[in-house]
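What follows is a pair of complexes built around chain A, which joins chain B in one and chain C in the other.
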Partner chain A sequence: MNKRKMFFRMITASLLRRRSRMIVALLSIAIGATILSGLVTIYYDVPRQMGAQFRNYGANMIFTPTDGSFTSADISQGKNCIDQKDIIGVTPYRYESLRMREQPVMAAGTDMAEAKLTSPYWSVEGEYPSAEGQILLGATLSEQFRLGTGDKVEIGFTPSADDNDETVVDSTKEFTVSGILETGGPEEDYVYMILSDLEELTGVSGKIDLAELSISAKSDKLKTYADKINSSVPTIRASLVKRVTESETTVLTKLQALVLLVTVVVLALTMICVATTMTAVVAERRREIGLRKAIGASNSSIIKEFMGEGMLLGAVGGIIGSVLGYIFAQQVSINVFSSSISFMPLLVPITILVSVAVTGISCLLPIRSAASIEPALVLKGE
Partner chain B sequence: MSLLELKNIYKIYGDLHALDDVNLKVEKGEWLSIMGPSGSGKSTMMNIIGCMDKPSKGEVLLDGVDIAKESAKNLTMIRRDKIGLIFQQFHLVSYLTAIENVMLAQYYHSVPDEKEALEALDRVGLADRAKHLPSQLSGGEQQRVCVARALINYPEIILADEPTGNLDDANEKIVVDLFHKLHNEGTTLIVVTHDPEVAEVAQRTVYLRNGRLHKETINQHFTGEIKFDNEVSV
Partner chain C sequence: MFFRMIFGTLIRQWKKMLMIAFTIALGASLATAMLSVMLDVGDKVNQELKTYGANITVVPKENSVLNSLYEVEDGGSTGAYLREDELGKIKTIFWAFNIVDYAPFVNTKAKLDDGTEITAVGTWFNHHMELPTGEQLDAGITSLRSWWEVTDGKWIDEQSIENRNVAMVGSALAEKLGVRMCDEIHLTGSVSDLTVKVAGIIDAGGDEDNKIFMPLDTAQTLSGLDGKVDSVEVSALTTPDNELAVKAAKDPKSLTIAQYELWYCTAYASSICYQIQEVMTDAVASPVRQVADSEGAILEKTQLLMVLITILSLIGAALGICNLVTASVMERSAEMGLMKAIGAQNSSVSGLVLTEIIITAVFGGIAGFFAGYGFAQIIGHTVFGSAINMRPAVIPIVAVLVLIVTLAGCIPAIRMLLRLSPCEVLHGK
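Take a look at the complex of A and B:
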């Protein structure tokens, strides 16, 4: 048997055969590692989770035309400047003034599926329009015109007097109200219909007035995207919805700082706890240390053995902490954000390494005191 | 040249002279007993001979080297290479098995060798208890493991501090018989004891009182075998 084998045999024997003693130390390390691993997981997952939460508050980027209007081809060009995995939804809007029961109303033609993604806060009583000939009626208009879900209404379009386009003629179409829209905002004053319906009514297609984008990214990245689009797509002016992006950044920064602070405090507490436990372990084993020195152990051997024990304890605590930390983070995520977190494999070796390092540092003082024990104490039987 | 020579050794703690001008020679292969009442300086002398303490004054020549002048690091090396220690309270590492306790001395000395450690346990009659923890062994067995640990590195001197102090008569006899065997193999033995029966087994006994060597007796009828009162023939 070589010395290394004997070294491991000794330190594993110390941990395994002194289970009741070492369990306290292991417990403190494992709890520290659990909270560390859990909080770091949350720290890195918070932007994603919060980003998803913020996306519920609507679009965070707007495309407006630099010159009157743009087309869906322009929007596609703009979309290509954004990492596709970051895009949650891109909703084009075309606004026109229409007639409903001979009264003017503002109508918006859009892509309903995309609108659901960029404006998840919309509350719809009934259904979103799923086919041509259906409309989503703002709550104010619904009340004004006494129209409810399932009612039919005729909507007409009259080209403006100065419109020189002779192909555009006064047209009407009957629509069914598929749902009533409640947002508590200006959207309640609009009639929403599928873009092709609006194009059919107005006789003009391919024209878009505005596009709302919901992008999963922090404000810095959003700004980079906007700059890229503004420089590479001349027909589009991309701008950020600052009330959303800035509050998102502020909340995220504060939340991450809080998590970081808690992590540091937990690490410090773990170190104190481990150092206290190791001090107790050393005090309890004074006689053994004296004996080891009496039979020929050098100070460096004693340091190596205790450090080895501490580090092994740290590694075991780190492994336990990695597993429990993931479970802890998962529970926090499910209870706070109502969604599960993604497993970060890299966090396992990092947790183990940090756990070993923290245990090692915590052991330094107790081990120094162990190395200074006089072997004569053993012979004296003190 | 003597294996061990103490020349004008003093150990002074404030006003207390734990050792006061002690002179002693121990020859290679000799079996020496040190006797004396509590506080006579036996433990202090053991610590100095065992390289675990240094005298305040004087020379301690071990194999011609004055260990009183050596650094703590060198003393550790000398202790590891030349001295085997046996304690009254056995002092085995509680979470290591008998064989691991023996291998511990090998580990600090050179390289652990399980086969050799098992042979050492066999010499003290404990080969079948090699995998037992100290808590699973009797006092006598623990002391025998301690003897195996002390002799595993073939030390120049085996230094035993009250080796039979915690043993019953039967185990005391086993341990003294082991010393006898070691002595016959040429090992130098220094045994500190309160027990006259154990002391008188040695070739020579020195008596300490108030830190001074008070008396020395030579065992003219040295056999190395212990005889208890009821066995002594008049």
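Take a look at the complex of A and C:
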């Protein structure tokens, strides 16, 4: 009991008395631990965060009807097969040929809020339609019909004769152009409107031709989702947008490999740095070791004491480092991805363990060489 | 005498000096590796993002206005075409070096023997070009559509002679027709008819699965569109758009001369489009937002991420070096006390220690620089399969960093030791 008390007293006293040097040592351990916990957190979080960035490329899964069309109930049934937190957006589309100024145009009825999520690359001059009676006009059409934002235009629908045996009644509605859509792709040739408007115009509701899904998952996970949906929802054929999924996997794998390698290189170098500093701090105390040996301390008790001191420093440095590392990773995440990072509780004990191990190993070598030296020689200063 | 003392220390205390040099080398190599990777990561990731395909499309001027409507009406021919003989010019624009790949397309309808109408697309597969600059380039959809999977057979090789009248069939179409590799299909185009041999089946996961792809001249013969092209897809390395680029994309004439020059000489998607329009007659080039925007976002995030990681490791390296230097200077308190006791002035003692450390730092720094260069290359080759380009800016940054950090590590420690009185230090307090 008494012995253990003395042991702690010697360690704490030595740490307190040699304050400036201990601060140097502690600082170096804390830096190492900060880099360890910070980089590892980032490494684990990068795929998730970067994956979200890759969703900028738009939908990576589409639902097409197996027979004619499907309903929004089918979509939500399909949605239930996917882990809810992976879903970024699900946008239904219904395509109809309408008339604008007596010329045929292709119109798509959709959910604008979801379209914004699944197609973040759409560049809209003006506003997305927020209420019924507003349309988003493709840039090509806007130029062709000379319509700008705020202009009003009448759009009509003529039901085809075989759909409706009775008298064919045209339905028309006046719309306000709320925005012009630019994508550099085929979307510029379409008129986008809110689904209920299209249903009102055509008089047919609950029919959807296509749904775009943006899901944050890797391609093999997406494949299992697609298989599950295909087997459980008979009206839907789910397929992957190969261009997006294949390329995402390629690029994301490389990015993760980059962060991993950088982490490994930085960690290895920092740990060696910590070790050399610890070695320098301990090597300085050869005289003290000699003195203790001269008054009768055994090699093992010296090693034990010095190691205890080093490991205590390692533990304290590790704790400081875990906190600083988390703060660093959080800052990076907020600055780069503007979202917060998930805290990994397991990383705290790992960081502390690694710091204790690194300091322990780097103390052991100089202490052993010091302890094996004749006390008289050391004290004499040779 | 001064130099003799310095070399004396360096030689006698070589172990300690080696450790300082080693730590400095580690810090310097860390700084070098991270800085070179950081500065080059944009280009590397940009190259990787090329797997998403073209980010610029070029269409004929009239076509860009009328395309949608009349394509629905009469099946594709609008009368406006790009000229095939001008395609080579795309590789001669100001940012020619940034044009990675491109391919022209000509769409035509063809009838099979049983009367079904299919879309035949003429394009380049791996078209070989000798550029006026002496460069050589293989461009075409083999590389531009890297996500297409050839399920049966292989990509058409335009260079081999036996590949006349060959075609690649989309997987859905192939299934419908029941054709396999080496089967022959007889196609009747609007002008002539010919028999093509199936070189491979393509699984594209999109509309393309219902089309048939053939070399440009084959499709042109079929439709009588000799020397004409519907559209061109260009894959170019671009810089993410900023305010200037957005303003310029709307109307380049709204810029001042200085802004115009800056915009023209930066590889924005809009300035590359503008330059393509300059060399091609009656062409409209526009960025494909799906690809161009996402590329910009991902590039920016990756670069920012690497910058922050680099800053962290630079701080780590700096504090590491600083710490060790402080620790090793403090260790020499007895020696400094002795020098002061026998009459050395503060300035000469600090000069001596500083010079020693700086000599060590120079050696360590140089060794570290080369080690760091090695690390950067390892990262480049493992991750991206290509060497990291060393920017000249890395050398001065690392040199200044090592110097400042070493001095910052020495000076407080020396000052602290000089404040102590020699007899206390020598006494061992």
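Here is the rule we use: the second predicted complex is superposed on the first by the 343 of 382 C-alpha atoms of A that agree within 3 Å, B and C clash if a C-alpha of one lies under 4 Å from a C-alpha of the other, contacts with A are read in each partner's own complex, and residues count from 1 in each chain.
Heads up, the rule we're going with is that a contact is a pair of C-beta atoms (placed from the backbone, for glycine too) under 8 Å apart; a residue touches a chain by one contact, two chains touch by 3 or more.
Bear in mind that the values here come from a model prediction, so they are computed numbers and not experimental data.
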**Prompt:** Given the touch rule stated above, what does A:D83 touch, chain B (first), chain C (second), both, or neither?
**Reply:** neither
Larger residue footprint on chain A, choosing between chain B and chain C, goes to C
Q.
I'd like to know which partner A:E127 touches here: chain B for first, chain C for second, both or neither.
A. neither
### Query
Taking the superposition as given, does A:R292 touch the first partner, chain B, the second, chain C, both, or neither?
first
Looking at A:K254 after the superposition, I want to know if it touches chain B, chain C, both of them or none. Which is it: first, second, both, neither?
second
Taking the superposition on A as described, I'd like to know which of chain B and chain C A:D227 touches: first, second, both or neither. neither
Intersected contact list for chain A, partners chain B and chain C 287
Seen from chain A, its contact residues with chain C in the complex are 20-21, 24-25, 27-28, 31-32, 34-35, 38-39, 42, 46, 49-50, 53-54, 56-58, 97, 103-106, 119-123, 138, 140-141, 143-144, 182-185, 188-189, 239-244, 246-247, 250-251, 254-255, 257-259, 261-262, 265-266, 269-270, 272-274, 276-277, 279-281, 283-284, 287, 328, 331-332, 335-337
Listed in rising order, chain A residues that touch chain B in their complex are 1-3, 5-7, 9-10, 13-14, 17-18, 287-288, 291-298, 301, 374-376, 378-381
Within the complex, chain A is touched by chain C residues 16, 19, 22-23, 26-27, 29-30, 33-34, 37, 41, 45, 48-49, 51-53, 57, 64-69, 72-73, 146-149, 203-206, 286-294, 297-298, 301-302, 304-306, 308-309, 312-313, 315-317, 319-321, 323-324, 326-328, 330-331, 375, 378-379, 382-384, 416, 428
The residues of chain B that touch chain A in their complex are 43, 46-47, 50, 52-53, 73, 76-77, 79-81, 85, 87-89, 91, 93-96, 100, 103-105, 107-109, 111-114, 133, 149, 161
